[in-house]
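Here is the structure we will look at.
Should a chain be cited, it is by its letter among A, B and C, assigned in written order, with residues numbered from 1 in that chain.
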Amino acid sequence: MSDLLCVHDLTKIFGGVRAVDGASLSVKEGTITALIGPNGSGKTTLFNIVTGYLKADGGVVEFDGRDVTGSHPGKLYRQGLSRTFQQARIFPQLTVLENLVVAGGYGWRQLFTSRVGRKDRERAAALLEEFRLTDISDLLASELSYGQRKLLEFAAVLMSNPRLVLLDEPTAGVNPVLIETMERHIRERNASGITFLIVEHDMTFVMRLCDPVIVLDAGKPIFAGEPAAAQNNPLVLDAYLGS
Amino acid sequence: MRLPTALRGGVFVVLLVTLPMVGLQHWFLNLLVFVLMYATMSSAWNLVGGFAGYPSLGHAGFFGIGAYTIALIFKGHVLTSGYEPFLLLPLVGLVGALIGWPIALVSMRTRADVFAIVTITFLFVVQTLAFNLHGLTGGSQGASLPIAPFPAATFELPFYYVMAALLVLTMGLTFATMRSKVGLSLVSIRADEDKARGVGVRTTGVKVLAFSVSVGITAMVGAVWAYYQSFIYPQFAIDPLVTIAIVLMTFLGGRGTLWGPVLGAVILESGQQLLTYQLGAVQLYLIVYAFLFLVIILLLPRGILPTIEDRLRMRRRRRRTDASAARPGDRTPQNQSDSAPLLGGGAS
Amino acid sequence: MHALIQGVILGILTGGVYALMASGQTLIFGIMKVVNLAQGAMVIMAAYLAYELFTRFGVDPFLAIPLTTVLMFGFGVLVELIFLRPLRRDDKSELSLLVTFAVALLIEGTLSVTWGTTYRSINATYANSSWTLWGYQITVVRIWAFVLSLGALGILFWILNRTRFGRAVRATVQNPESARLLGVEAQWVSALGFGLGAATAAAAGSVYGLLYPFYPGSHYDLISRLLSIVVLGGLGSVGGAVIAAVIVSTSSAIVAATISPAWSEMTFFVILILVLLIRPQGLFGNVDRGAI
């Protein structure tokens, strides 16, 4: 298994605070890798840098062997690296179907074609079915519940056939039934070849689903390995309980 | 939605065409010309300010550019049929669009704030240039165009029809935009631009396109106005009051809708024309428009049409819930509840 | 060469005044992420206030500053509370901009109705006297304006760096989330911050009235320049605004002295475009990629 994502010596400083401090880690293709750590460990910052939403002060990000440091999120998206947001960012003024169509991408020539054409419906149909969104596909996204938005965001991100999906706290604020649903979707997609990197706080979710687990503390990874081993590792315990 | 809109559009066009035929008074025709003028400009502004969510404060500048362009072209000309200026409108539109293109490229790359800054500065610069470039524009003395050789009895008619045509064109473009992926892209930009960019939407290209079309149309309206007036002064050709009027009209009727700007223009421009005799002073308009704008933003922020649409949708939803409540266990949006967000994730 | 140096001197002196106005504007942006398009109008409003105090009661414009500052501070707080606070979160940024624009026009209209549209100026007795240093002419008013602006900027920096309110402001500018967690009441910071921005306009207004003839429509010219300065300095950076003000004023003055006065009016626009082409975030601004 090769490294799909590689981060070398990444650094980000916010006015004196080293949010990310010379971090190096890698995500192997085909895995569901977790990125965990106590509050303030730099998970979100690292996430934002890797996905192009923040510029690093130093270090390199490599995706599929290519240097993508500082690349714009849109460019990364087209190259197969996509992400979701903690707050489930979807387009509220567009319908569920339209959200998928936008995420699916279209070229210059298609700009002047129908807003949602037959081809778009066909492309989105499978995902709508899979995520049980077909019945509400014409509802405005603003009318969805929080959980439905999370599902929609996840489904939308899959429209572009990504190779690596970064999930930003997929279980935050979501009921247990939906957590199970998300888990199932992640497993299914992983089985069909998508690699996942998940930032999470819910430990049981992480232990069930992810392998390996990377633990971050004070802007640097302090452990990378099996979830069970993480739970017993003294450094990890110290990071969570110590300070 | 398909048939009703086409039907509504057809009725509207028929109305526009036949209205003058009932034999209207000059002052009323004049009023209609101005209503159509503002309806067209508001609809054009709507493409950028309504759909994309980028409030341009400089459209009045392009109005003036159109006015001065046509004045320059016909300087010292002798008109034969009187329709020559109308025939050259597309050229004026192109000039407007060509000037707007680089402005959009420079100002729409970052955020809407910067865009507003550039457009308002642009407005001021255009006005200053109009005052300073005496050779081209006549400076504060103004510029004159040959008076249209139309018979006095039906003088307003050609202008009315040309304006109506421009309005229909603009509404047609708006409709096409809404129905195409251009419209989809614009709405996604307005909804969450960073996310839109993040999923690969070609945001800059779409925005620049919308802006260029929008200002091209505005320039054409300015040209027709200049011809109608026969004499233009820089402070009226490039007037911030025009900007706030079209912004206000679009907001009142409803941004991002097809009919909203037209509705807003009908209400406000007729009101303004009818009250002209009562109020008189321009400064009072400034206060009234600004005040109205603030009131609308605070009390009816979405505008008339979207608010009505929302109410209708709420009623439909309620009916749907009542119907499905009869069948327990069904999954509807209202039945699905989620626990409150736990700590919201915290800072990481 | 002489004209050039004269231009530079003039530019630096004028730059001080613009720095004061621009610092208030960029501060408001830093705190509330709102471009205050009414800043120019508030300066003109203060100029009229100073004018009225001068012509009616003979109060020297510089001495009127404490009074006008307090008045404008209150005005700014009121504007924020009444017009900006009620805006709904989703449309907040695009609407705030239009709201401040409407407030600017409201001010302009009210000033027109109250004082008419003829040009006014505050003709203090010392308005025409000037000093000559090493062959360069410097009007007394400009020197005092510069000194006052420096003083006011000094007070502003003191407020920002030495008081609790200032610290709260800086925290909010840097990181609103954390600031809130630390107990900073964002609401109050917004209102008081806007008031502070208006207060800088007040101080500058008296000076403006002494230096230039003005009428209600003068705010367009002013706001265009201020916006260019703020963009060059970097939206939200007070230090940047000060440096940018000097740069823009000096460039303008140099162009006026060497090329022609008419073209100097375009200078700020050229600078604005150049900044957006080369370095959109300005000298000290942040590149925002929308991570939130």
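Please note the rule applied: a contact is a pair of C-beta atoms (placed from the backbone, for glycine too) under 8 Å apart; a residue touches a chain by one contact, two chains touch by 3 or more.
None of these values were measured; they are calculated from a predicted model.
Note: the chain lying farthest from chain C is A, by mean C-alpha position.
Relative to the whole-protein C-alpha centroid, the nearest chain centroid is that of B. Centroids of chain B and chain C (each the mean of its C-alpha atoms) stand 31 Å apart. Once the centre of each chain is set as its mean CA position, chain A and chain B turn out to be 40 Å apart. Centres computed as Cα averages put chain A at a distance of 44 Å from chain C.
For chain C, residues touching at least two other chains, in rising order: 289-291.
Multi-chain contact residues of chain B (touching two or more other chains) are listed as 194-195, 197-198, 347. Within chain A, residues 52-53, 72-73, 92 each touch two or more of the remaining chains. By the touch criterion stated above, chain B contacts chain A in their complex at residues 178-185, 187-188, 190-192, 194-202, 205-206, 317, 331, 333, 336-342, 344-348. The touching residues of chain B, counted against chain C in their complex, run 53-55, 57, 106-107, 109-114, 116-118, 120-125, 127-128, 132, 193-195, 197-198, 240, 244, 247, 251, 281, 283-287, 289-291, 293-294, 297-298, 301, 347.
Across the interface of their complex, chain B is touched by residues 29, 35, 37, 83, 86-88, 91, 93-95, 97-99, 101-103, 105-106, 108-110, 112-113, 117, 177-178, 181, 216, 220-221, 223-224, 227-228, 231, 235, 262, 265-266, 268-269, 272-273, 276-277, 280-281, 288-291 of chain C. Considering their complex, residues 37, 39-45, 51-53, 72-74, 77-78, 82-83, 85-86, 89-94, 98, 101-103, 105-106, 108, 110-116, 135-136, 139, 143-148, 156-157, 160, 169, 172-175, 178, 199, 201 of chain A touch chain B.
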